[in-house]
Structures are given as structure tokens and as C-alpha cells.
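Following: one structure in C-alpha cells, then a few remarks.
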Amino acid sequence: MSPLTPLSQTLLSAKRRKGVSFAELETLLQRDEVWIASLLYGQATASPEEAEKLLAALDLDPELANELTAPPVKGCLDPEVPTDPLIYRFYEIMQVYGLPLKDVIQEKFGDGIMSAIDFTMEVDKVEDPAGNRVKVTMCGKFLPYKKW
Amino acid sequence: MSPLTPLSQTLLSAKRRKGVSFAELETLLQRDEVWIASLLYGQATASPEEAEKLLAALDLDPELANELTAPPVKGCLDPEVPTDPLIYRFYEIMQVYGLPLKDVIQEKFGDGIMSAIDFTMEVDKVEDPAGNRVKVTMCGKFLPYKKW
Amino acid sequence: MSPLTPLSQTLLSAKRRKGVSFAELETLLQRDEVWIASLLYGQATASPEEAEKLLAALDLDPELANELTAPPVKGCLDPEVPTDPLIYRFYEIMQVYGLPLKDVIQEKFGDGIMSAIDFTMEVDKVEDPAGNRVKVTMCGKFLPYKKW
Amino acid sequence: MSPLTPLSQTLLSAKRRKGVSFAELETLLQRDEVWIASLLYGQATASPEEAEKLLAALDLDPELANELTAPPVKGCLDPEVPTDPLIYRFYEIMQVYGLPLKDVIQEKFGDGIMSAIDFTMEVDKVEDPAGNRVKVTMCGKFLPYKKW
Amino acid sequence: MSPLTPLSQTLLSAKRRKGVSFAELETLLQRDEVWIASLLYGQATASPEEAEKLLAALDLDPELANELTAPPVKGCLDPEVPTDPLIYRFYEIMQVYGLPLKDVIQEKFGDGIMSAIDFTMEVDKVEDPAGNRVKVTMCGKFLPYKKW
Amino acid sequence: MSPLTPLSQTLLSAKRRKGVSFAELETLLQRDEVWIASLLYGQATASPEEAEKLLAALDLDPELANELTAPPVKGCLDPEVPTDPLIYRFYEIMQVYGLPLKDVIQEKFGDGIMSAIDFTMEVDKVEDPAGNRVKVTMCGKFLPYKKW
Amino acid sequence: MSPLTPLSQTLLSAKRRKGVSFAELETLLQRDEVWIASLLYGQATASPEEAEKLLAALDLDPELANELTAPPVKGCLDPEVPTDPLIYRFYEIMQVYGLPLKDVIQEKFGDGIMSAIDFTMEVDKVEDPAGNRVKVTMCGKFLPYKKW
Amino acid sequence: MSPLTPLSQTLLSAKRRKGVSFAELETLLQRDEVWIASLLYGQATASPEEAEKLLAALDLDPELANELTAPPVKGCLDPEVPTDPLIYRFYEIMQVYGLPLKDVIQEKFGDGIMSAIDFTMEVDKVEDPAGNRVKVTMCGKFLPYKKW
Amino acid sequence: MSPLTPLSQTLLSAKRRKGVSFAELETLLQRDEVWIASLLYGQATASPEEAEKLLAALDLDPELANELTAPPVKGCLDPEVPTDPLIYRFYEIMQVYGLPLKDVIQEKFGDGIMSAIDFTMEVDKVEDPAGNRVKVTMCGKFLPYKKW
Amino acid sequence: MSPLTPLSQTLLSAKRRKGVSFAELETLLQRDEVWIASLLYGQATASPEEAEKLLAALDLDPELANELTAPPVKGCLDPEVPTDPLIYRFYEIMQVYGLPLKDVIQEKFGDGIMSAIDFTMEVDKVEDPAGNRVKVTMCGKFLPYKKW
């Protein structure tokens, strides 16, 4: 992991100190918890209202709203192949299922991609007696390749 | 992309020659189309019955069932950072949302990972007047870290 | 450069043999010459009509239309840092002007990216007594980051 | 992103503090905003007059003119493949369109390159009801390979 | 080795200062010494009781229990190929015996993997007049690939 | 995986054709099945008697004994970080548990390493109602660092 | 070294077969021997007359003039750090003297670069009783950074 | 660029503060300006007299002579492929002209290398109405491969 | 070079301050000077007596004996290919002579390796009128591959 | 290992077929066996007499003398960090002892390097009841850095 910015460190340790969960911030900000987590990690841009509410909830200096509302330089993993086991599994999924996935998407949609910008991602817990399951749902706009 | 095995080339070009879609193979084999695509790309192992049905559907030599039913060496992308734009977007999603996702999963489940082995992945088309959307649903068993 | 596919080799050597320029193919196909070159290099997908016209113009087997109309695995440079001097200069431009460019775009548009999919690129020659100039114009849809 | 030099940090935070946009600095310095941004990021060299005006506009110590007028060690991206999504798209454009672009330029100009030194780059917003577009225009002198 | 977190540095130097061995901590915490070492290196998560006992044994601030009980970002080796000779040997074992091991495991178990999460590892000393031997026993749940 | 040598391909496909398991070859050669698998993958050297017996069991040309008894260039994985999920888990184990393991071994043995040459590795199946487990036992001579 | 193109292999083995030195080709073509060598290695473009003369001198098919007169994809070293000792020394020179050289050039010329395109390179032998010396003279146009 | 040592930073900022050019130091020390620049960048070793003169000229503590006269760990570029455009051009020259240069040198001298140790490098400005040119002259002892 | 540990920096600057050579420490400690240098660079472990003597000779705090007698994490070069010219030559020797050396060792000893742990290395100066020579003698136990 | 050239393959398999050892070729050619092995691996250049004798001893076509007497492109290891265990140990020796070795050599000789060109390397077997030892003696001319 590349070092977090001072802003992210401030936000994450305030959250720990206040004992607030992302689920509680979801209720407060009316944004999905994954998006809120990405805001704390310096990967998204808040509106002034969102910044104000978040900083108040974490008892932080309202001045930080300035930085929270400016588009960040994104990307929070340092090595090209991530080493944290939880994150690596998603990399492995693309190693194993990337080309099959590409073929199925393109058979359904034609030549193009799923947007990672006009995009949402949600996490749910699926209760299962044989062991609970993590469900990750990604949903992005299909962008067809333009010809010119 | 690292070069496909001869078996994958044979299967994929037979599929093209026969004009069969993955969706049609889904009906035939009673397996999800993403899993079937991963079988054709040499990333999964068929049962003898699945192999037999698939080879018959593609008019291929039943002898190939031998190779189709043996666990393959997996991984079908060559460079560490994939260059195909469709596949790269999933890599970018982890660059941008990897650490936030990790935090949300662990807040919900504790220390552990989502399995990429006891795992399923599906692709759906979400009709949308502003542009259709690709929905990818991943679902894997949560594995808590064992202590000993 | 990673090795070209057999299809690209066939198309490019037919073009050389016929002595046709990309500018002439532009007139024939009513597509920009950069897009046509990207089609020959296996980076774009033709419509059936485009495939038919191109193959006829190059005196090639109409059967090749099958492959020309299927979405390719994209990416035609092998090493991460390109070694061909003409192509390297564009990589260098991003090394030197990447962050400034990012700031100017985001000051004008907010948090988001220029699409490389809903995208066009054109090349013009600017006559100049002190030495002609290459003008490359890229134009892509601005995609704002979605919140959810 | 490799860490910014102290000079760049000083300039960029002064700009943020003063609330000045690159477009306003463009009017002040009579230089394009992309070039000005590259000066703030430590990728270009100011004349003494440009340095003086810029430092005055940002309320900074005129002594900094010394460093602003010395040629910097250039290159502001750390990893070989950039991870910020906005910047990555330009890298992807070369992965997908690099060889086609090379062929079209060389068909028009012969063997040589577009200079990245005798070079300008501009950004414009193209209003479009289907979504505004980013237009990036690069213009560099064509340098033919010398024989000897 | 990537730099240790401040927490790990505190724990490891307290252990050195107190002159406690991992074997003694094993008795105290009723956990295997390898697992305890991985906890000190920031690779595992303690329960509140384990954290309390460990911090007491090392004469450290009980407040640190907060961090000790949160799932860490894992992975403690920086370069892809480890340079410490003791650790490199395990990398080399996979270079030399990785594919054979894979074949033997899959002949015994079918297509799947040994979990590195539901996993234990122990170290024993095997006395031998020709030179003592290190015995490392790894034991992980077999996870068969799911079909869907 | 880097391409197998022709010798390995011959041996492995003969084994498949004959339907012999590594466990059966273990009985025949009186060597552990992991070592036998490493011999087939070109990572170990046979004695003339071992070569003769193996080639007879696989119905192969006895002339191949020449190559089977010469020390091979070792290492059968191509990329630095292995992509096959089964093999990757062992790499991950070192990422997560490498430094803890080093500390425990050195607390027990002093400064030195576990040999990967004077070394054995065995695989066992541990039956478990909650899911069978893979047990991998590595045993190597401890080599203390020499001073001089 | 990345594999030579078939054209380069043909040219270089014809040169060997004919026993012609680069110095002799220099006389024939009225071009420097380094440039001629770079033409044979597929790094430069011949005029039709140069191609004709060279092919005649090497007893090769005049049809090859087609390829010899088209701008090649350049770059003939494969790994990023060259392994051949003669070539590595030039890489090392930049490691050791690169920044000093940059400072001296920019003190003499201002902010800009030495062109590698409008560029010549010559090799001379300097007789010296203490051991002959290799003299390499590079001469490239200075290109000042443009402002805009 | 990897970070400069404190010694280099002290020397370079003293030079800037005093407004001395490398050409002036050349006159003072009777050494070529490129060598002097390499001394300031921590890539060469001074004699005690050279150290004394240089430190006096820069108004620096004579105690620094200790470090200036000890052989440094050399190499001042961090990434394998340099990103500064001026330095990259020399890397590119080897990519394009490396193998041709090797052939010409070896045709003139036999099997061996040009030394980068018993080596000098000079920079001259060649006035030219079409644009001044940078002339870099490298001269190193030829070292033939020894047989034994 | 990766940054030295604080301990190494303390030891090396004390040695410089005291003006002691490795040869003198060799007499004091009755250990070879290469081994002593590796101890100062944090690559070896001292006995309590060795630590005491060394710290006394360098006028350093006897408390440092604690760290000097604990097995270090080894490996002192940062980039995979070393850039210091003296060290690079040893890397080059393996590039050029590695496989030949392997063959000769294995023809003499069978399948196995030379230990880098049960290993010594010495440096001698060989006086020679044509230029003195460096003689490096490495001597390691031969370890034959075990079969099991 | 990067693939051997056809010439090397021919030489090495002829040696195997004839059952000649490097030690026997040493007697025949009056060159050290390591040098002869490096000649067979395409890393050295033979004189015409050496080529003739070697080819006769191996019953090979005398025409091959042409290639054997031309300076090769050197470097026979493909990945930057070698994977063969025997060769890796020499890489590890530099990781662990590289900086200490540099200091000792420079304390004895001043600023400079040991040549890898004017260089010899020999292998001896040292009989030892505790296990035989491999002795590798490298001897290269010391080259002091030139000043200019």
C-alpha cells in the first residue's frame, strides 16, 4: 500500500476514535458505504455539503472541506500486483476469469467496455449455513467503441 | 494475453465455426455462461458428462474429454497490468476502490477474505434509456483467518 | 512491439502489395485514416459492410470478414515503456505534462476523465517554413465520476 | 505520483489559498494554462519576468525566482504505468492506437517523429448535448531522421 | 522488507527489551508461536483478551489493544522476489517444486487449492547428528473450485 | 508457466496415456511422489536405475535415460509472482508469514537458513468432516552462517 | 536482444557470407558505417538508391528494397537494462554521468535536449601505446523547450 | 532521480548560491567540467588538493574533504528507464543504435568493450545557423576479452 | 542501495571518524576483513565477545551489542540489477559465465549447489606490472540435492 | 534461461553425444574449462585454431568455425533475478556481501573496479571430510577511475 495522504490518515483515525462504522456514515450522508470509504481513502470528491456533514460527524476542522472537495490523484495500491490477500483475490479473479468475462460481455453488448467511472459497487452479506458469503455487485455503464 | 493452449484454440474456433453463443451453451450444459467461457479458456475443469456434451455440441473429437477433465495451470493474462481496456477497468477498480472495499468487507465480516475458489460470477444487462449498464455479480464464501 | 496477429499481417502486407495509402482507404470507407489503421492493427471492430469493402479493396478472401467483425483483445505494445521513438514521445508527454494536464482538465470539468472509448483522434500536417508540424487532435467524452 | 518538490508544493498550495485558476494565470502571464500548470509542477523553466509575475500573483517570496528559472529534472509520474484513471487513459490510447498513429504520421511525413520539446498542448471544452467533450490538441515539429 | 508499522516496531522492541521469547508467549497466550510472531509483525488480528494479555506481558500501553484488534493490511515483504536468504529459500522451493506439488495435490484432491486463510503453520526442530533439521508443517483446508 | 522442455512433455503425456498416478510410481521407484513429480517436471536428476525403471513403466525409449540423469537448469515458473492460484497461495504464505517464520526459526536455531537442497517435502491428506485438509511437510537441514 | 526481423537476418548473413565490412559499405554507399549498421539492424530507412546499391553489393533480391525503404518500428534491445557488456557500459555511463552531463549541457544551452533524431554518431580508433582507445562522437541538434 | 546525498545537496546549493559555473570550476581545478559535475553529484572521488580547492571556492567547511575523497556508491538514476527527457535520449540512442554500434566497434577492435572506467567525456557547443548542436565525445580504453 | 540501518550508519561513521581500516579490525577481531565489513553493513551476527571488542575499538556504546548479536534481515542492494559499477561487474560475470560455471561445477560434483551460507570469501591484491589485479576467492560447501 | 542459440545447442549436444568432459577439452585446447564452457554457451570468441580443434573433437562441420570466431551478443540469463538455485547463490552473495566487498576492495585499491573483461575464473574441488567444498577463484585487473 502506498502511504496514505495526511488527509486520509486524519479521517481514518478520527473514524476509529469516534467508533463510527461506514454503515452509520451511510445513513448520515445518504451515500453508499463503499463510496464513503473511497472518500476517506482519498479516491473520490465530496460536495461541500457532504464534506461539511462528514467533518462534523468526525469532529474535525471544517477547513478540511477544501481538500475533500478537490479531485484527488487516484490509485491507492503501490505494487502492481497487490499483496494484501483480500485485495489479491480480486486480481486473481481477473487472471482466471478475465478473458471469459470479456467474451461474455462482448457477446451481450458488442465491442466496448464497462465504465469504471459511471460505476457503482455494493457489498452485501449473504447468510448461508455452510458459511456466509460476500456478494459484490458492480454496475457500470456500457460504453461502445466510437468509430470516426 | 499469453498464448492460448491448443485445446483452447480448438474449442474457441469450433464455437466460432458453429456460430454457437455462450448463452446457448448455458442452456445445453446447465452451467452459467461465464463458467463455460472459463472452461473454454482453459481455466476450469469439466466433469466427464460436461466434456462429452460440450464436445458433441462443437462437433469435436470425444478424445479431447481427457484434457478437459484435468485441472489446468490457471491464469490467462500475461503482463502484470492487463492492457486490454475492458479487462483493465477491473484492475483500475481495485486500484481506486480496493482499500475502501477491504474496509467495508472487514467491518461487516471481520478479518478474512472473499474466496475466489468457492466463488461464482454472473453478468447481466441492465436496460437503461441513458445507456445500458453491465452488471457483474461476484459471490464468494467468506473465509475468516484461522488462529492456531 | 508484441507480434501482430496473422490477420494484421495479412492486411498490412496486402496494403503494401497493393500500394494503397490510409488516406485512400479513408475515401473508400468513409472512416478516418487513424481509425482504419487501428482496424488493420487489430484494435477495432468493423461492421460487415466495412469489412467487405476493405477486403475487396485489398484483394483478400471475403471469409476474413468473420474475424474483422469480432471485438479483438486490444493493446499492441509489448513492453510497459514503449521503445519506438515516435511512440515514446507520447509516453514522455504524459511523464512531463500528465499532472498539469489533469489539473487543467479538472479545473474545467470537475472530477472525472476523458473517455478513451467514446473517443476520436486525427492527424494533420501543419505546413510551416521553419519545419512542418504534426498536429494530433484527441477528442473524448468527459465522464464525471458517479457517486452512489 | 512521485513526491512533488518543495517548490511545487509551495506554488500549488499558494494557488489553492489564493483561489486563482489556471485560466486566470493564463491572462496574467500570457502563456497557455497547460504550460503554466507544467511550470507549477516543476516541468518547465520560467523567464525572470514570468517568475516575478507569478510569484507576485501568488504572494510568494521573490527569491523563489532563482529555482523557477533553472531547468528542472523532469518527469512527474512514478510508476511506469500510471495509476490515476485520467492519466491512464492517455497511456491506453497509445496501447491501442500507438502503432496505427505511427503508420499514419509516417505515411504523411516519412521516417521521423513528432517533437515533444518543440511542442504545444491545449485543452478545450466542446459543448455537446450528449455530454461535453474534452479536446486535447498536441502540435509538435516533425523531425525527420538524419542520415550521415 | 517494507518498513514495519510503528505498532510492530513498538511490539518487537518491547519483546527484545523484556527478553521474552516467542515460545514463552506461546505458553502465555495459548497460541502457536508462529501465529504470535505474525501478530507482532502486523499480519494477524488479536481478540480483546489476547491483546490485553500480550500488552501486559510486554509492559505496553493497554490503549494499543485498539489497533491490535483491527484487521491489518497484510504483506510484509517489499520486493517481489525476497532478498533475505532464509525467506528466499521458500520462494525457491516453489520455483523448483511448485508445479510438481500442484500435480500431486490435485491428483489427491481434484481441482482446487490449499487455503492460506483456514491455515496453520508450525516449526519444529528435528535433532539429527548429521546436523539438526528445520521442520515446517503447513496445514490448510482444501477448497475445491465451485462450478455454477 | 515457462514452457516445459520436450523431455518433460514426453514424460507427462506418457504418464497421462498410461493412466499411472504419482502414488503408483512411488511404489515402483521407492521415492516420494513429490520427488517423482519434480523429476518429471525437469527439476531433479535420476540415477541410471531410476531412469531405467521409470522409462520402462512409461513405455518410453530407454535412450532418454541420458537426459534424465543430467542435472537440469531448474526453475519452472516464469513470472516472478506466480499466477496459478494453487501455487500463488504458497507465495502469499511467505508474504504474510515470512518474517514471523524467520524470527521463530532463528529464535530456535540462531543465524542461518533451512536448506532447500538437503530438503524433503511431503503431501498428506488429513480427513476432516468440516472439509479435508492438505498437509505439506517440509524438512531441511539447518545451515548456520559460517564466520571466517 | 529481441529477435531480429527476417530482413535483418537476411542482410547480416549475406554480409557475413560476402565477407564485406561496414567500412567497405561506407565507401560504396557514401554513408557512415554506424548508420549503415543501423540500416542492417532495421533501425533506419534507406532511399531507393541506397537500397538498390546495398542489395546489389550483397547479392540479394532487389525486391527487398520495398521493406528497406519503409520506416521501421525501432528499438533493438529487449530487456530494459541491456545485458551485453559492450552495450551495458553506455547504460552505466548514463547511470554515473547522466545528471552531471545534463547540468553541463543545460549550463551551456539552457532548458532543452540534444536531439536523438537530428543526430549523428561516429566511431574512431585512437592509437595509444598504453592500449588503443574507442572514441565515440555523438552530435545532435540542440532543441530548446518551446513555451506557448 | 534517486535522492541526492546530503553532501551533493550542500555542494550544488553552494554552487548556485555563489553563482559559479562548471566552466569556471574547470579553470580553477584544471579538470574537465563534466568530471567536476560528476564530483558534485557524488559519482567521483577527489584528491585532497582538489577537495580543498573546491570547498574553498564554494565557501564550505574544509571538513567535508573527508567525504569528498572517499569512493562513493555510484549510480544516480532511480528508475531503470530514465524519465528526464534529456537523459532519456541517450538511453534511446542505445535502443536504436546499440547493436549497430557494437558491430562497428567489434569489426574495428575485435571482441571486447570500451571501458566506462578508464574513460573521459566532453561536451562542446557546435555553432550552426540551422540551430546549434550538442557534441558529446566519449573516449574509453578498449579492453579485449581475456582468455585463460 | 537501500538505506542502511541506523546501526550500520553508526558503525560506519565511527570507523571513518576513528580512521580504522578493515585490515586493522581483522587483526583485532581475528576474523577476515570481508566478514567484518559484512558485520558493519548489517549482514552478519556477532558473538557477544566480538560485539564487545568491536564497540570498544570504535568507542561506541556497549549497549549496541544487543543488536549486533541478533540475526539481521539480510540483503543490502535495492534494485534487482545493482547500479554501482564495482558491484555490477559481479552481476555481469553471472550473466556471461553463469551457465558455463554451473556446467563445470556439476561435471565435477554432480547435481547440487555451492552453499552461500557455509561459505567464505577473501580479497587479495595480486601485484602485476601490467596493472595490479583483484583476486576474489569464494569457497562454499558443496550441497548435493537430496532425494527422498 | 533465455533460449540457447542453434550453435550452442549443436555444440552442447555433440559434447553430450561424444561423452567428452570439459576437463578433457581443457587438455585438448590448452584453455581453462570454464572458458571453454563459456565458448560453448556462446559467451566467448575462439581463434581459428581453437575453433578448428574444438569442431574436430566434437565431429562437427568445420564451417561452423565462422560463427565461433565472431564476437557474440553476450548474456545468457533471461530474468533479472536468476531462478536456477546454483546460479542464484552467486546473486545472493552479492546481495549479502556486495557492499562489504566493495568497501574492502576500495580500501585496498582506491576508487575503481575489478574488470570483468580482463578477467579469469577457475573452479576447484577442495576435499573435506565434513563435505567437499567448491572453490571459485575470480581474478580481474583493477581499473582505477580516470579523471580528466
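We call the chains A, B, C, D, E, F, G, H, I and J, going by the order they appear; numbering starts again at 1 in every chain.
Please note the rule applied: contacts are C-beta pairs under 8 Å (C-beta built on N, C-alpha and C of every residue); 3 or more make two chains touch, one makes a residue touch a chain.
Since the model is a prediction, treat every value here as computed from it, not as a measurement.
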Equivalent-chain rotation between subunit F and subunit C, CA atoms, steps of 5 degrees: 145
Repeat of interface E-J, chosen from G-H, G-I or B-F - more than half of residue-number contact pairs shared: G-I
Of all other chains, the one whose Cα centre sits farthest from subunit A: J
Whole-Å gap between the CA centroids of subunit B and subunit E: 31
Rounded Å distance, subunit C centre to subunit G centre (Cα mean): 29
Where subunit C and subunit D are represented by their mean Cα positions, the distance between them in whole Å: 23
Distance from the mean Cα position of subunit G to that of subunit A, given in whole angstrom: 49
Shared interface positions of subunit D, touching two or more other chains: 1, 73-75, 77, 80-81, 83-85, 92, 95-96, 99, 102, 106, 112-113, 115-117, 119, 121, 143
All chain pairs that touch each other: A-B, A-C, A-D, A-E, A-F, B-C, B-D, B-E, B-F, C-D, C-G, C-H, D-G, D-H, E-F, E-I, E-J, F-I, F-J, G-H, G-I, G-J, H-I, H-J, I-J
Residues of subunit G defined as touching subunit J within the complex: 1, 16, 79, 81, 83-85
Contact set on subunit A toward subunit F in their complex: 81, 83, 85, 88, 92, 95-96
Interface residues, subunit I side, partner subunit J - complex: 1, 21-23, 33-35, 37-38, 40-41, 43, 74-77, 80-82, 84-87, 89-109, 112-116, 119, 121, 123, 125-126, 128, 130-143
Subunit D-touching residues of subunit G, taken from the complex the two chains share: 31-32, 35, 44-45, 71, 73, 99, 102, 106, 110-113, 115, 117-122, 143-148
Interfacial residue positions of subunit A with respect to subunit D in the complex: 66, 70, 73-75, 77, 80, 116-117
